[in-house]
Every structure is written in C-alpha cells, then in structure tokens.
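See the structures that follow.
The two complexes that follow have chain A in common; it is paired with chain B in the first and with chain C in the second.
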Partner chain A sequence: MRIAFAGNPNSGKTTMYNALTGMSEKVGNWAGVTVGRKESPLKEEYSHGQEVIAVDLPGAYSMSPFTPEEGITSEYVRERHPDAIINIVDATNLSRSLFFTTQLLELGVPVVVALNKSDINEKENTVIDVAALEQKLGCPVIKTVSTEKTNSGLKELVDKAISLNGKGQVAPYVQADIDLHDKNQVDAEDRKRFSFVNDIVSQVETRQTLSSKSNAEDRLDSILLNKVSGILIFAAVMWLVFTISQAWLGPLVADWLVGYIEGFQEWVTEKMADSPAILTTIVADGIIGGVGAVVGFLPLVMVMYFLIALLEDCGYMARVSAVMDPIFKRVGLSGKSVIPVIIGTGCGIPAIMACRTIRDERERRATAMLSTFIPCGAKVPVIALFAGAFFAGAGWVSTVSYFLGLVLIFLGALLVKVVTGYKYRKSFFIMELPKYKIPSIKRAFFSMLERAKAYIIKAATIILVCNLVVQLMQSYDWSFRAVEEGMEHTSILASIASPFALLLIPLGFGAWQLAAAAITGFIAKENVVGTLAVVYGLTNFIDVDELAMVGGANEISVAMGLTTVSALAYLFFNLYTPPCFAAIGAMNSEMQSKGWLWCAIGLQLCTGYTVAFLVYQIGTLITEGHLGQGFVPGLIAIAVMACVVFMISRRIRADFDRQYALHGGKIPA
Partner chain B sequence: MTLLEAEPEKTYTIKEIQTDDEDMNAFLFRLGCYSGEPITVISKKKDSCVVVIKDARYNLDSLLSGAIIV
Partner chain C sequence: MNMATIIALLAVVLIVFFAVRYIVKSKKSGAKCIGCPESGSCCKK
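So, the complex of A and B:
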C-alpha cells in the first residue's frame, strides 16, 4: 500500500518520512524545503513485512496550489489515489493546519492526523484534547515527535494508517455544491470552512502561552531582521562558514589526508615497477593522481556542508530571506532567492530546484539562472588550488570569489530586469518565521557524511573516467602512437583543446592544458583540478608550503606558466562560466523554457569571459604597466556579446509591448 | 488604516484586503488572513513588518502590509 505524507509547509513531513524509511532526504527549518515527491518503502520495524511505500510530498496550505511545488501535492492526493494519507499537522499551529486537513478528509481516502511537534506544545503548556479532536474530525489523531527515538508515536501512527487500508473516510465538513469559477462563492465557502476549523480549535485547544505575545525570539528577530545589523550578521556568518571550512579547519584535515593519498600513490607505483610504463602512468598518475587531487579537497567541502546543515536547521534561513528581500527586490529578485543562493554554496542542483518555491515565474527563472554564480562545493577545490598555488593560501581569494559571485547575481538580475522590462510587474513577499531551534549536531553530521559519500562516488566514477580519458588523450596522438616527451602538443588532447585555447588568449591563459581543464569542468567542476593534476603531472595541491621548500620555487605556478593575474582570471573564468551539465539539466527542468535556458547559458558564458578578460587586462595594466595579450580581439568578442544581449532585449521588449497593447494595459495572468 | 500605520504589539481586526491582485488575496486567505480575523503586529519597520496570523509569525513586505486594512 502507499501512504502519502501531506501537511502545511515546515510541519515536519520529511523529518518523519526520514525516520520511518531510513532515508536521508533534505530537511531544514523553513517553509518549502521539500520541492518534489519522494518515495521509499517503510522500515521493516514499521511495516511488519508488508510492502508499504511512504510518499513524501511538498508542503501545502490548501488543495488549491499557488506555487509549482504545491501543485505536486494536490495533484498527487487527488489523482493518484494513495491508500491512506498521514496528515502531518503542526501541533503548535492547529488553527491554520486544520484548514488543509478538512480538505484532505473530503477526498474519501482514510486520513490519520499526526499531531507533530507535540513536545513544543508541552514546553509551552498548550494542551490539545486529542479524543475530542478525533471525534470532531472523524479520523484518528496521534501525537508525534519525529525527532525522538523513543515515544515518538510513529509506530502507533503507522499501525493506524496500515489498519485503515481499503477503508473509506467520512468528512466532517463537506464543501457545498458551488460554482468553483465564481470567486465570491468560493470565498464564502472557504470562510465557512475556516470558521468550522476555528470552532474545533476553540473547543480542543487550551493555550497558556499566547502566540501573539512578544517573546525572546521576537527580540532576536528584531536584531536579525534589522536592515543594518541583520545584513552585517549575515555577512559575518557566511564569512565564518567559508573561513572555517576553507582556511582554518578544512585545510588542517586535508593536509593529513593528502599525505595518505600520496603514500598510496607511491606504493602503487612501486608495486607496478615491472608493468609497462604507460600502464603505470595511467593508473598511478591518471587514476590515483587525478582522483586523489580531487578527494584531497574533500575535508574542506565536508566542513562546509556541516556548517551549512547547522544553518539550515536552526531557523536562520527564513530570517536571512526576510532581511535580504528589500535588496533583492531592487534588482528584480525576491527574498526567497536567498535560499537557493545559500544552498548553492553546497551544490547548484538542489539550489536550482529550491527556486520552485518562488511564486513569480520571472523571479523563479531569473533565480535559477543566476544562483550558480555562487561557487558550489565542487568549485571549492578549484578555489583552494589557486589560492594555494598562486596566493600562498590567502583567505581573501575565497572571500572575493563568493563576494564576486554575489555581485554577479545582482548585476545579472539587473540585466534580466532591464532586458525583460520588469517595471510592469509587482510581486509581494511573505515569509513564515519558524520557531528557532538548537540545530542537531547529529543530523548535520549525517547530512555531511551523506554529501561526502556523493562526492566520493562522483570522484570514483565521473571524475575517474574523465581523468582516464584525459590521460589517454594526452598520451597518444591521432595515429595512436605514444606521444614522446617534448612533443606533447601533438597529442589528441592538445589538438582538440588548442582551438579553444586561442579564444582564451585575451583572458591570459591561452595554453591548451588550461583550456582542456576548463572544458572537462563542464562535466563536473572538480574535473578542473583533476585534469590539471593529470596534464601537469601534479598531485599535491594542498601542501604548497612544502612544495615551495623542496623545489625552491612554487612548482605548480611554474608548471602552469601563469602570472598571479592570469591565474586569478582563470579561476574566475571557471567559477562564473556555466555550471556542470547536471546543473544545466536542473535549470532546464525548472525554467521550462528553452529560450530562458539558452539565455542563461549565454549569460553565464559571457559573464565568465568578461570577468576573466577584465581581471587579466586591468590586472596586467596595473602590475606590468601595459595591457595583456589579445586586448583588441577580446574587446571585439565582448562587444559582440553585448550586441547579442541588446538584440535579445529589443525582441523581448517588442513582444512585451505587443502583449500589453493586446491586454489594454492589464497584466495578463 | 493599513498595517503600515499600525502600532507594534497590538492586535487588530482585519477590515479588508485592498488589492486588485486576486492571487494576493487568495494567498493570504489560506493562511487565515482575511476580513474579520485578528492580526497582531509584533514589530514594524519602514517597509516591512512581522505579524502573527493564526499562531504563526510572518514577515510581510510593504506591498502586503499596505494592502491589509485594519
């Protein structure tokens, strides 16, 4: 049988789903974490050997959807006929939640109400008369605390739901037969439903702590939501997250890990002493070296994932979203765009999916288009590598990378606003401020392990294969003869990457090796590091101090033949050009418009190119007193891009004006 | 008056939602924000405010606070 989990946003559906199925779907303390449907069988201890599938759905306030993710929920419970519904009700907010409950009860599918977060009610001395509520609703009601191991009420809840399989449901409140197209009739009917709910609540709930009274959380909110202190605190929090993970704790652990990887590589090389040289190169340098270079950065990423999980769990995200709204609105985005941006520091794919909670289509698409400018976890190794090799591990490189990412989001949003003629539309912002909670260290730890696992799997599959291919393409020429030393430019890789390298000359890095690394980066951004490791035969990217001591000079920067200015340009080029293909795929499915998708990819390419061009040319002018190579061709390339943007803008605006002319100045729905 | 002129830490009764944006009206409705219902202002800033509607706290922007007449 299938049991659907439905309820208001942030009522704890996914937390319960995870507890019952043993899955580790993303949870967080704000409304709208789950944006898609998830299915998994219940754990044996709950299903008693039967096949019971739990279906986790995005939160919804009512059966009439407003955002795409709410649509998933109402469509599922209406059309897919689950065998039972577990309606998760936030016990601290009965008066709002029961509106949706009474709608679910009308579907004829047996419903069990889970009064979740009952522990908070106990703390606040709010008493709910469960027996009376059961009687009023006409369905079983069970108190639950999903975050607890014992006495969670989950066993009883599931047993109840399973026992109702195949039975029907009598609704306590049935919507009158009205014309659903008549707004006034629907309104009047919904009012009646709410007053039915209000009646129930007044009879079953006794509150000692009135929610309308100001409390300590409100005082904290007044600081976090204040325009000045709120934004300063947000900047400080993010700076701490990046600094701890990428400058303090992360490298410390990474240093230790890299020692082991190197030891392993040496050991393998030794063992393979009798094998053909080409095989040793492929296994030791290509596979272990390339993958090892990527895995070496894992601790940095893990520490960051851990800290972000803590942030997501405590209730801070909703506050950031609220405090940033006025600023984001100015450039045509919404406060809700902040959430994808923060999630995007971990991975671009969930970030793009998180855009689904943004109601306004244009804001949603623009956010999906821009949120990958913030460097994701896969770009951390790239940043760390360049910071280490060219800037003595300076922390400012990482800070600037994130800050510039944010600036590009703003500029990009402004551009989208200008191009699409945003001034015609107005959107409103409302964000529920959930109760704060002490973040669970355990959950953050598991969330970190989960993502670390994904990172390692990626390194051992996609990145390994890419490195292998790069290694082979570098070792052979087109007639499949091994490339001799000094003749590297005749290799397959060199001949493919060289034309691209030409385009990159105005950016200061016209070497085919660097072009190849940037290209493999589109498959997965970690590949930039992996490929550089392979093409330059380097492994240890972390412990640069040691390298400097051994080699007298910095081996990596010498091997790559880049100046610090062109290295920075190359780093930014990799950070701000389009994300990996997987993220582009996510963009495609969220935007649901080929036009927007191509504009997004185009915008990202232009942005990466322009930023790198400016950094290299201006940087060279400052450090060496003259412009860099290929200034004029680069300028022409950028002028062409600007023309294309201008033409697209004209076309969109012409379309727009036509649309408005047709509607006589009224905004089309 | 609108919520923008309301005083913090006071509970008001919503008179109407003044907007031609039907979506906004319907959206607020589902949260229990409609005429006749109580709304408490917790804090207020120039262009946003925090309110309590049906036991939940929300941050509203100026567009919404200006549309809610109490």
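So, the complex of A and C:
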C-alpha cells in the first residue's frame, strides 16, 4: 500500500513523514524545503506488519502547478494513483489549506485530513469543530502534532488511512465542466471554490486571535522586515554565526581534537620507525595527516550547522528572503533566490535543487548558476585554515568571505541580466511567512549530527583516497622511482600541477603545491586542506596557543611561503571558482541546458580568477607600494574574459532581436 | 619485514578497499555527493 503525503508548503509534511518512517529528511520552518519526492516504508509500530510505503511530496497550494516542484505533487497524485492520501492541513491557516483539500477530494482516492499544528491552535484559543469539518468534507479529520512523541494523533491517522485502502472518495465540491484554457473561466471557478471553503471555515472555526489585529509577531516583523534594520540585523546575525563557529567556540573544540589526531600520528610514526620510509609517509602523512587535517575542522562545521539549524527553525530565515527580495529584484532575481543561497551555506547540491521553487526559467537558471558563490560547509575548513594561519584566527575572514559571496551573487546576477536582456521580462515574489517559534535544540542537534556524519564519511572515503593518490604522486616520479627529499619538484604531482601554477602567478600563488590543492578541490572542497597537509607535511592547522603567541607568523604560513595578501587571494580563488564536480552535475540536471552550464562554469572560473587577481595586485600595491608579479599577463587574461562575455552578450541579443523582428531581422529603410 | 610493516600494509589495503567500495556503492545507488545525508534523494523528480 502507498500513502501519499500532500499539503500546502510548510504544513509539516516532512516532519510527519520523518516521525512515521524514522527517516531524517531535511525540514525547515519555511515554504519550499522539500523539492523532490521521497519514499520510505512506515515504521512497524504504524504499519502493523503490512508493507506500507509513505510518499513525501513537495508542498503545493493547488493541483494546478505554479512551480516545477508543485508539478511533482500534482503529477504524482493524479497519475500514480496512491492507495490513500494523507492531506496535511495547517490547522492555524484553515481557509488557505482547504482549497487544495477540496481538489484532492475530487480525485476519487480516499483522503484523510491531518489537522496538523493543533497545539498552536490550542495556545491561540482557536477551536476547530472536527466532527463538523468531517461531515462537511466527507472524509476523516484527525488532529495531529507531528513534533509530539505522545498523543501526536499519528497512530490514529495512519490506522484510518490503512483502513480506507481500496475504498473510494466522494467529493463535497465538484469543479464545473469548464474550458481550462480560458483564464476567466478558471478564475471564476477558483473563486467559487474559495467561497465554498470560506463558508466551511466560517462554520467550523472559532478564532480568538484575528489576523487583522496586530500582535507581537507583527511588531517583530516590522523591525526584521524593514529594508534598513532588516539588512543590518541579518548582517549582525550572520557575523555572530561565523564568529562563534569559526573564531570562538569551534577552534577551541577543534584544538583539543587535533591534539589527539597529532598524538596518534606521532605514535604511528614511532611504531613504524623500522618500516620502509615510503610506507611510513603514506600511512602517517598521507592517510592520518591528510584525513586528520580535514577532520580537525569538524567542530567548526558542526557549530556552524547547529546555529544555522536554530535560525532556520525559529522562522528567521524566511524573513531574510523577504528582506533581500527588493535587493535581488534589482538584479533580476527575487526573494525566492535567497532560499537556495541560505541552503548553500550547508551544501551546494541541495541549494541548486532548491532552485526548482523558482518559476521563471531565466531566474531559476541564474540562481542555480550563482548560489554556489556562498561558501558551503566543505569550504569552511579552507576558510578556517587561512583565517587561522595568516590572520590569527580573525572572525572577519569568514564573515567577509560570506558577504563577498553575496556581493558576487548580486554582481553575477547583474551580469546575467545584462547579457540575457532581462529588461524585457518581469519577476514577482509571493511568500508565506511562517510563525515564529522557539527553535528545537534537539532538532538542531540531530541536524548537526547528520551533517557531521556525512563529513566524517566523506573524509574517510573520497578524501582519504584522494590524499593517498596525492601522496603517491608526490612520492614518485614518472619512472616510478621514489623522489628524494628536496626533489619534490620532479614528482608526478609537481609535473602535472606546474603548468597550472604558471597561470596562477598573476594571482600571487604560483607554487605547484597550491595549484595541486586547488585542482583536487574540484573533487571535494575539503581536499584543498587535505592536499595542503600532504604536500607541506603539516597536520595541525589549528593551534590556538601558537596563533595567540605569534599572531599568524607560524609554521603553516612559513611552509606555504605566502604573504597575507596572496593567502587571501588563494582563499578567495578556492571559494569562488566552480564548486565540486558533484555540484556541477547538479547544476547540469537543474539547468537542462548545456549552454547555461558552460556559461556558469566559465563565469565562476572568471570570477574566482578576477577576485584573486584584484585582491593580490591591489593588496600588494597597498602593503608593499608596488604591483605584484605578473600584473600585465593577468590583466590580459581578464581582458580576454571580458571580451568573451561581451561576445556572448552580443550573440544572445542578436538572437533575441531576430526572434522578435517583424521584418526579417532588418530595419526597413 | 617486521610486524609493524605488515600491520600497516594490511591496514592500508583494507582501508582503501573499504573506502573505494563505499564510493562505488554510493555512486551506484545514485548519490551525487559521497556521505551526503540526502543520498541523492534531493535530486529525484
């Protein structure tokens, strides 16, 4: 038996799905968290030994899809004929939710309505007459609270859905036989349905808190959604998140963890004193050192995920979308583009997938192209490494990295707008703001653990294998002879990375080791740290005591031979060049256009290169009074990039004019 | 070849074998990013 979970966005479908199946799919207190279909068997305690598959669907306001992810829901319940539908209704917003319910009831599939978030109704003294609602809708209605362990109503809900297997459904409202291509007829029919729903709500619901009255939430919104104070508060909140995770609490825990990893590495080296040197290097430096360097940053990432999960849960992140909407609109995006950007702080892949909630194709592709400019969790170790080694752990490095990412999204969108001739089209943004709530520490904790588990698995698999390969390539030359100490530049790794290093001279970091680390970063961004650990033979990137004592001029900065300016340029190069291959693959499937994909990769490469070039050259001019190495070749490279963008823009505009021209593309004399 | 070398060699072979096996299995099951808690489910249509 298959039970589909359908309902409006942010009605609590995935929370209920997780509670019933034991899964831990991503939940969030805003509309549009789920953008794909998910399936899993119900827990034994709910299915009573039967095979019952729960299908979690993206939120939808109606059966007429408005956005691509709404289309998934509509297509599934219409075409795949589930055995029953559990319609999750936000009990705090009955009139809006029942529009979709009445459409589901018309499909003939048995429906059980879950009156979710009933606990909030009780707090607000809103009473819903469940028996009357059941009678009006012609289907069972059960009060539920998915977040409760006991008395959640979930058992009763599932039992009812299972008992309806094989039965039909009578609709209380049947849509008239209208021409669905006629907008006026569809509008009139929708109004009739709304009137039917409002009539039901007026009979079954008694409210103490009227939406027309201003309450504490509205007053808070007036501050958080204000176009000046809203942005200032957002900047302050994000600064606090990055500073706590990457400068205060995170490094303290990481320092302790790294101490153990370093101790283990020393112990292994000691035990292998009589083993062949190459084997000791592979085990101690390649595997333990490389993986340990990445794992050492885990506490920083965990603290950041925990804080962001709290912000998501309390309802603040949805407000950020509304605040950013006017700014993003100026560059051809909208507040909808903010959701992928926020998700992108965790991982670029779900961020790109979240672009499905954007209806406009150009806006959707532009957001997918640009959202990875926000540093994801995998880039946190890279930021923390450079902030620690070159800037004495200064919190401003991560804050600047994230806000520069936002600025690049803004500028990139502006460029896409100019190149695609956006002025011909319009964009709009409608978003339902969720209620504020006290964030669940438990949920944030588990969300953090999930991410930590993923990070460890990645370190123990893909990063371990990469580090091993890097170590072997550094230890041998092309004749497969072991490279002697001091002759690393003759290794396989050096010979592959050196040509790339030449291109990086105008950016201030023309060493083959740094080029190799940047290249392995395309497999997984954590690899930048792992590879640097292997090629420079360093493990302890987090030494709070040393940083405090010497303020940056430490072992790491000495080994890499970078100035603070070139270190910042290298950091930005790694942050703003294309993301890992997995994220590029996600971009490919979401954009569904090879042209857009290659433009995205090109734009990101040009952006990373240009930002690093500007930081290094201007920074060197300010700090040392002269331009850095390779200024002219770098300038030529950037001029070539600008010419390519100009040519693409001209071509798109010419195609556009040809498409809409009335006189064969020529202006008559 | 001493005992430490044998143990280290065995450990390297086993670790790499299990790491590669995990990567291959994950890729076959549709995961785009190894270790991701979404396990590719975010990409399903």
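Things to note:
Rule of thumb we're sticking to: the second predicted complex is superposed on the first by the 650 of 669 C-alpha atoms of A that agree within 3 Å, B and C clash if a C-alpha of one lies under 4 Å from a C-alpha of the other, contacts with A are read in each partner's own complex, and residues count from 1 in each chain.
The definition used in the following text is that contacts are C-beta pairs under 8 Å (C-beta built on N, C-alpha and C of every residue); 3 or more make two chains touch, one makes a residue touch a chain.
Predicted model only: the values in this text are computed from it and were never measured.
Legend: residue contacts after superposition of the two complexes on their common chain; A:Leu464 is shown touching chain C, with no touch to chain B.
Once the two complexes are laid over each other on the shared chain, residue contacts for A:Tyr455 go to chain C alone; chain B is not touched. With both structures placed on the common chain, the touch criterion links A:Thr564 to neither chain B nor chain C. Once chain A of one complex is fitted onto chain A of the other, the partner contacts of A:Cys580 are limited to chain C, with no touch recorded for chain B. In the overlay built on the shared chain, the residue A:Arg191 is in contact with chain B alone; chain C does not reach it.
Every residue of chain A that touches chain B in the complex is listed here, in rising order: 61-62, 64, 66, 92-96, 99, 183, 187, 190-191, 194, 211-212, 214, 218, 221-222, 225-227, 318, 322, 325-326, 329, 335, 359, 426-433. Listing the residues of chain C that touch chain A in their complex gives 2, 4-5, 8-9, 11-12, 15-16, 19-20, 22-23, 26, 32-38, 41-45.
Listing the residues of chain B that touch chain A in their complex gives 9, 11, 21-24, 26-32, 34, 38, 40, 42-43, 45, 47-48, 50, 52-61, 63-64, 67. Per the touch definition, chain A reaches chain C in the complex via residues 24-26, 35-38, 72, 268, 271-272, 274-276, 279-280, 282-283, 287, 347, 349-350, 353, 450-451, 453-458, 460-462, 464-465, 468, 524, 580, 582-583, 585-586, 589.
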